[in-house]
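By letter and in written order, the chains are A, B, C and D; residue numbering begins at 1 in each of them.
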Amino acid sequence: MASTETDKGWRSRLHEIIYESNTRAGKAFDVALLIAIFTSIIVVMLDSVESIHQQHGQLLKYVEWGYTILFTVEYILRLISIRQPTGYIFSPLGIIDLIALIPSYLSIFFIGAQSLLVFRALRLLRVFRIFKLSRFLTEINFLTVALKGSLRKISIFLLTVLSLTIILGSVMYLVEKRENGFSNIPESIYWAIVTITTVGYGDISPVTPMGKFVASIVMLIGYAIIAVPTGILTHDLAIAARQKKELPEACPTCGREGHDSDATFCKFCGSALL
Amino acid sequence: MASTETDKGWRSRLHEIIYESNTRAGKAFDVALLIAIFTSIIVVMLDSVESIHQQHGQLLKYVEWGYTILFTVEYILRLISIRQPTGYIFSPLGIIDLIALIPSYLSIFFIGAQSLLVFRALRLLRVFRIFKLSRFLTEINFLTVALKGSLRKISIFLLTVLSLTIILGSVMYLVEKRENGFSNIPESIYWAIVTITTVGYGDISPVTPMGKFVASIVMLIGYAIIAVPTGILTHDLAIAARQKKELPEACPTCGREGHDSDATFCKFCGSALL
Amino acid sequence: MASTETDKGWRSRLHEIIYESNTRAGKAFDVALLIAIFTSIIVVMLDSVESIHQQHGQLLKYVEWGYTILFTVEYILRLISIRQPTGYIFSPLGIIDLIALIPSYLSIFFIGAQSLLVFRALRLLRVFRIFKLSRFLTEINFLTVALKGSLRKISIFLLTVLSLTIILGSVMYLVEKRENGFSNIPESIYWAIVTITTVGYGDISPVTPMGKFVASIVMLIGYAIIAVPTGILTHDLAIAARQKKELPEACPTCGREGHDSDATFCKFCGSALL
Amino acid sequence: MASTETDKGWRSRLHEIIYESNTRAGKAFDVALLIAIFTSIIVVMLDSVESIHQQHGQLLKYVEWGYTILFTVEYILRLISIRQPTGYIFSPLGIIDLIALIPSYLSIFFIGAQSLLVFRALRLLRVFRIFKLSRFLTEINFLTVALKGSLRKISIFLLTVLSLTIILGSVMYLVEKRENGFSNIPESIYWAIVTITTVGYGDISPVTPMGKFVASIVMLIGYAIIAVPTGILTHDLAIAARQKKELPEACPTCGREGHDSDATFCKFCGSALL
């Protein structure tokens, strides 16, 4: 019985370190993990550079396996320290952790799977979870609320932009000849996106006077409508700021603070927030 | 007489399905139509790709004719189910529907008319009418009010930008030599638009030191004045938001909601809105 | 005596037509002038196109002389119909009108002066004076007030951007070699402006890894600081809107409206505005 | 004793001229310094142009040494006129002043050190200190407060953008082949930054259809998220404006004005500001 209790204590301590960040050990773990993720991505990056690969390829391979083992151990620890492992496995971060691990093991059986290691970059997203637990919390919360409010309006905007690029790209396909780079409609739509977003690579650009005229219209549209998402977000930031003031700062029952702005119940004692 | 009544009922039911979206059948029709439009555009796109056209050209031609027949039937149904067919024929959506149909029939008589099929992309605009009837209504209304308020100010802005590009383009034509790509004034104006909108293809770019100096000024102007439309729209969004609150949510007579923000009379019972 | 009076009446009527726009004749004159300016610019544009010049060069020359005579007559009429001709001659619009006229006459004596005709494009600026008198007045006034308020802040911003481009351009000159297009510091500064304004021609672009790293920083700076002028202007638009409400709509003495927002005295009767 | 007093007076007068700007001599010194800095940078610029260097290289070298001596004298005067020289030496402006001086002296011993003269451009930053003392003070203060408030949020934004470019760059490395310019992951990340910031040089651009599809997504992301920093800053400008009103304009004890908006104590008499 005592052994079970100790075991429970051991697992719950591990859980505290790995999943939480209010303790000193938890914070240290988070920082160490972030450094490991960051350096592992740099190793993958370096290995992709031809000259470095030829000189230090063998060394980098060992280091990559070192990181694979490290992250595998972390993955197993995450599994055994949580009460419901499936909750972690199927969470977005859990899936990313797995996707970052698989390529290394696949590369034993399949040549070329090594290149999938770039998916390790996805683990960078963990940076936001770690930030969440620090003093950036309020700002991230604030931005998230505003972005959520803008999401629907910005979706409509992006849909409009996409429709515009399909229509304008199709028109451009008619106006410019195939020889001028607008070889098919998808290509022309790609050009329209490059132009309306004001990126302007110049890999495809209009040649005929009529094409330049249409292109000018596309550019002016792109230049003018950039105002729309900005206006929307600025507006929703103001609304989010107004709501923040009206939201409960502290739970009326237990008095603890730090609730999400969309919370209706205290996350510490569960009583209703006003 | 009974037959006339049934006929009337049949036509009014069809009208409900095709033109309205509050019933289940109406919603299903809208979604089906959107899918048909979208897939028909993809078929036109694929056909424009040389390699696909050579392999599956015959098949795609059949599919295109299938869509032509489908949209022709839809067009005829729209005509017979509405009380005033001219109202639909001369409405923007009616004209677009016709423009999307004609090329297929023209291609029987004229070789090359097939390429005008790209105008089918214009039917994508129907997406906004369909969205209008869903829960995006409020957001679209809100954005439309703000954009209407900004329209005049943004027109002035675009007029200023156009005047600037004509003046700066003309100056650049003098500064840079013909050999450097600025071969005539329209071309130079095209360059000024490419530059001031920060697209920057690089197909024409200044070569002489003086030209680079003028170009730098054009760029800095473009970079600074992008603020103008954004500022205008943000401002008008705030005004639109304030007005929305003051607008009637429900008709005081019949109690029904969903009126446009610029409505002065209830669209259901015709009584004045407060 | 009667003759002098008639003469005075004739001149004051001419003044009304040319300089004012509240009468029907004045409006007609403004519109006719705008059309004349616009078409004269199109003629200069067409003449700059090599192929059109070779085919219709002689015709276009006659048309250009026609416009020159027309604008000369307009200039003389402006001079004789105003009480203080020097007031017009040295006003910005007066100087532009003169600059637009001189090249034609210079071309009689100097070959090549013809090319200075492009300065006729400057006359486009008259469009704003004409607009001022129409119903766009309120919007232009509103934007002008906001822009005036922003001017100082946006100057500081542009100064910061310029300092940044000089510093970053100089750094890039050190980092990239002369062979890579960064052949001297002014060239590098030109590159920095092209990059920080997100224009990105690609005529000069970094080649070395270190150069690409510095370029990435320049781009991210440019992408982030575009927010500054936008934020400033949006803010000043809100202030201008607030002030507009507090400003007198009508003169308390004569009751007439339409005063500029920065006016302290009635422009009709001269009494102090509240 | 009298000599010490005179000496003290001489040093304090020098300090007034060099470090302060409320006196006439102080203002003159600041303007003269700004002109010296500006012209010295132009000399370095001109010297970097190959053709000018070959023609006037010797002359420019003398001029550059002239500026070096001038700035050395200024540096020494700054040191002896301040009570705590270390305070100036280790201040940002002090370090910049030193960095701008060293290259000239290094060039005596090391060939090539001359090229480090470009760091003289850093002295341009002094322009902001000089502006601070002029009537731009309020605007700079206002912008600084708003930017400080935005800093954390914009850091989060830039971190997100960087993570996105690493992930999207890595994906692009997989999608496009090495032959198409995406030769390694760092290169691909550079491309992602060029694209997401809408700079779009076009030195590296996608070739395969799949690559163009991914690139389109990157562009649309970049086009949509530019709204974020703008929205943030606009919001913080409004907050800064509101706070400014609530801040003390004049010290309640001594009545003097011009306190920083974040000051809690009067900088003239040291009493608490309300």
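Just so it is clear, a residue touches a chain if its C-beta (ideal position, glycine included) is under 8 Å from a C-beta of that chain, and two chains touch if they have at least 3 such contacts.
Everything quoted here is computed from the prediction, not taken from an experiment.
**Student:** So which chain is the furthest away from chain A, centre to centre on CA atoms?
**Tutor:** Farthest from chain A by mean C-alpha position: C.
**Student:** Given that chain A and chain D are copies of one sequence and touch, is their interface built from the same residue numbers on both sides (over half shared) or different ones?
**Tutor:** different
**Student:** Roughly how far is chain C from chain D, centre to centre by C-alpha average, rounded to an integer in Å?
**Tutor:** Computed from C-alpha means, the inter-chain centre distance equals 31 Å.
**Student:** Quick one: report the Å distance separating chain B from chain D, using the average Cα coordinate of each chain.
**Tutor:** Centres of chain B and chain D (C-alpha means) sit 44 Å apart.
**Student:** For chain D, write out the residues touching at least two other chains, lowest number first.
**Tutor:** In chain D, residues 186, 198-202, 222, 226, 230, 232, 234, 238 touch at least two other chains, as defined above.
**Student:** Can you tell me which positions in chain B touch chain A when the two form their complex?
**Tutor:** Of all residues in chain B, those touching chain A are 41, 44-45, 48-50, 115-116, 118-119, 121-122, 124-125, 127-128, 131, 136, 139-140, 142-143, 146-147, 154, 157-158, 161-162, 186-187, 190, 193-194, 196-203, 222, 226, 229-230, 232-234, 236-238, 241.
**Student:** Which residues of chain D touch chain A in the complex?
**Tutor:** Answer in residue numbers: 152-153, 156, 159-160, 163, 166-167, 170-171, 173-174, 183-186, 189, 195, 198-202, 205, 209, 212-213, 215-216, 219-220, 222-224, 226-228, 230-232, 234-235, 238-239.
**Student:** Inside the complex, what are the residues of chain B that reach chain D?
**Tutor:** 198-202, 230, 234
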